[in-house]
């Protein structure tokens, strides 16, 4: 509905729209020696009150000059309203959207336009430390729920005009702002095109978190493995942009989405590049081994102790048999109990309030670890296996990937419980085949472990081993082919 | 994009070919070589391996002449539509036979050494299910898996062979004898299954990208596989001698099981080493199923997106044929008797004939 | 299509869950570490030393049957735990079994075919009963054979009185040498167990027992005498020498129409004591070397004499070497071949005094 020149009509329409919205503030006043009527509307608590009072109200109240209708609009825009972003809008829907976004809208008598003044001032916490991606070396700041701040955190790290930002609004009711950020000279055009199309096609009520975006954009939605990467670290987002990847900043979420991804990317932590290459290569190797252990260890334990004890060294086989005397459960049952207990501990640890969580964690560990063994309910070997599996899963820097691995662990465990080592092999090959079938925006998920010849095997420089920065002279596969050369390394 | 285009690279093809050589045949090969070639079994292996590599080059030559052709188009073009279709269906039968026998032999070995009380049909069914799942994802999935599994198979194998080589006395190989022609002839059926991997050449060319230096690369791959096989036979002869080796059923495993070095965690390695053959069987049967699907799609001209429906034909056929032999011995001897004929027809006679027809009729490159 | 997918996805787990056919928990297995086999009536008497699982003192398990499988089935029928042979480390053959060629071959066939028993198992022979060895082992070895196995795996090659022989090599030698081989010997004695000497088999039958010295001669012959300690007597003083390295090379030549087998033993030794000779000089070292060379030659010849008395050269590995060179070998080794033992010893280490 177009804005009417009759201010009263506009006021009635707005009052009707915002009926029973107690936080929407409406004020009518006259300026220009009482000749011009203005109707102001904004939403309390999501505007910056100081901006309204100092740069709008004060200046408006001080306007003594008489103006005609068209002149008033010009005067307000050019002389009175001392705010950086001011625009003209002509429909009531735009008025509603603007008000709900935190802008202040000014109607003027006799004008078919209203002024939308940017006065956003959401309450937010300050920039704090990353919670899930903790590093020893490197910056500690993390994204917030405010998109503008998140964009700033990235912009500070890439002061290049090639860093582009396209804004979109997604969600019929939430109209959540999503910023699509990319390096114009590095990004693959086809990736960008597909992402924009996907964002434009999203049709749902609300985007409450970037997780929604992730799930709606994944091609292989039935896979337990993530095909987009999330991070709360601005340095990681900046690094992804410099590799030619696309970053989606979603309002109200302290986590951004990065794409495309490969499995290798989930094993890279931010501080891999802040410390020396040798130690970081070692730690990367540990992560890959930990991933294998996290998937295969319970299944391997069952396969070897129950089906193929001849494969275990004799002393160990005897030890396992000795410690299992008088245990009421079978090996499979024990492993199930311990794994479930560990999962319960893990979930409880997340949900518990922080004053209590460490205590409960310790108590839970003692109960499960010590008391159950001493009571003869489980054998110590199984406790070690479960604990090691759990610890290995925490070594992997990405939470989404760990969730996928946790599910795979149960598949491996189930097949080992039925068919021993053969079952474990079937499970591992099944997982591998599935991973090899996944792609992320045209790039194989298992790249560069497969198909590395496409980029002359350059991507091997940053997989299990991380080459010295001065040796990494080419950008990875995410970058468009013509822009792969780096000058001077990294 | 380079993925999602159902194409594989030549490097992936090389890896697959190398892994196909190490099917269940490699488990029996040293004792077969000892039985037929005696102390010169390793020389027999070299000779057959080099001959196979030249055959591979012939396939590549034909493939490069007609890069969009699979065996179906080749047969139809060379022999006419009807005869070509019959030959293509015959090739389909070979695919089923080869896949079923490989599956059966491998599952028999698993059954007898690891899971003696588990029903064999379950082991076969599970392996078949896994292969069908991978085949349904396309050849790209198999190629990528092969590239990754290459490190998990070939490198440990080479390391184990190095350890065996270091700790072995080579007296049993002396004196070095050249094989007689009769040995070569007798050994042919036992070496014929090594050619099983050449099925890939009949279907892969439309799915290959960037075919640079392909003949040389494939030839070198075949030679490398021959080298590894020869080392396997050579070391087995050195470790056991002809008499003892001829008696063994799975000498490859037993020989590698002898490796003992400080720090080794496992009590017995032979069962663990079966992982190598799990991988090669998985890749081989997956590829065969995919090729079977391609063959049927092209013969019956069904749509590409309906390709996976052919799995409902292949799964039961492979399963039933795999269960036909009553035990491992029967499966083994069936393969020894039948494979030379099938390989002779589809891997030697027909390609040579097609090359001859192409040359005589002066047909140039298709593209 | 979706319906079939769900049917497929639910059916597979169901019938997988009915399985676990080969599942057996570790506490339901009785790990047998050592097996002793004696002849018994029409079959075998098999005694097992089970693993020490800290439940109490492990007890010897004795079972009898016409075959190994029969005996084990009998054992299983009397125990709550299944006999587990996958962790077995040693097999001891009793004299009664070694003397019966047919029974021995039959038993060996069963062992060859067995998937369960590792081919890395150490095989031993004894001149008493294997059961007595098992009894002694249970008394002397806390690991019911594990420590002994460790001895054969690691230490045996360093002491020069016995050698380790795994089952795979045992079968290979039997095949190559027409059923002949030398097994390491184990003997229960008053003080415990004696590990040393050998048991010579010829055509799958017991040929001779080697004492420690005779076994040493055999080890020199096959080039595996590292660790052997020799004693020379020089003017009433005992001089010890330890062999640090031992190699044997065989060369068959025809001299005056007869085949001569030159056995060249290349040995390196460490002097552990000496007479009044200054071992650090060339003459002194040469004197010591000549002294010990004669001793070695005598040892080897004594061992060869045993083979000559038994009219076979198979278990010494000589016949198979001849066959490798001469495919027309008639099989009468001692008639056709003359042996020439040519030891060459170098003292490479004289210790810390001259």
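Chains: A, B and C, in written order; residue numbering restarts at 1 for each.
The criterion applied here is as follows: a residue touches a chain if its C-beta (ideal position, glycine included) is under 8 Å from a C-beta of that chain, and two chains touch if they have at least 3 such contacts.
Just so it is clear, the structure is predicted and the values come from calculations on it, not from any experiment.
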By count of C-beta pairs in contact, the leading pair of chains: A-B
Taking each chain's C-alpha mean as its centre, the one farthest from chain A: C
Most central chain, judged by mean C-alpha position against the global CA mean: B
Chain B and chain C: spacing of chain centres that average the CA atoms, whole Å: 40
Centroid spacing, where centroids are CA-atom means, of chain A and chain C in whole angstrom: 65
Computed distance of Cα centres, chain B from chain A, in Å: 46
Multi-partner residues of chain B (each touching 2 or more other chains): 114-115, 118, 267-268
Contacts with two or more other chains, residues of chain C listed in rising order: 19, 22, 86-87, 118
Chain A, residues touching no fewer than two other chains: 307-308, 310, 314, 317, 419-420
Chain B to chain A touching residues, read off their complex: 1-4, 9, 11-12, 110, 114-115, 118, 123, 126-127, 130, 133-134, 137-138, 140-141, 143-145, 147-149, 265-268, 271-272, 275, 278-279, 282, 286
Residues on chain A engaged by chain C in the complex (per definition of touch): 305-310, 314-315, 317-318, 320-322, 324-325, 327, 330-332, 414-415, 417-420
Chain A-facing residues of chain C, complex: 13, 16-17, 19-20, 22-27, 29, 31, 33, 51-55, 84, 86-87, 89, 116, 118, 146
In the complex, chain C residues that touch chain B: 12, 15, 19, 21-22, 86-87, 112, 115, 118-120, 166, 168, 171-172, 175-176, 321, 324-325
Of chain A, residues touching chain B in the complex: 190, 307-308, 310-314, 317, 419-423, 425-426, 429-430, 432-433, 436-437, 439, 441-444, 446, 449-451, 453-454
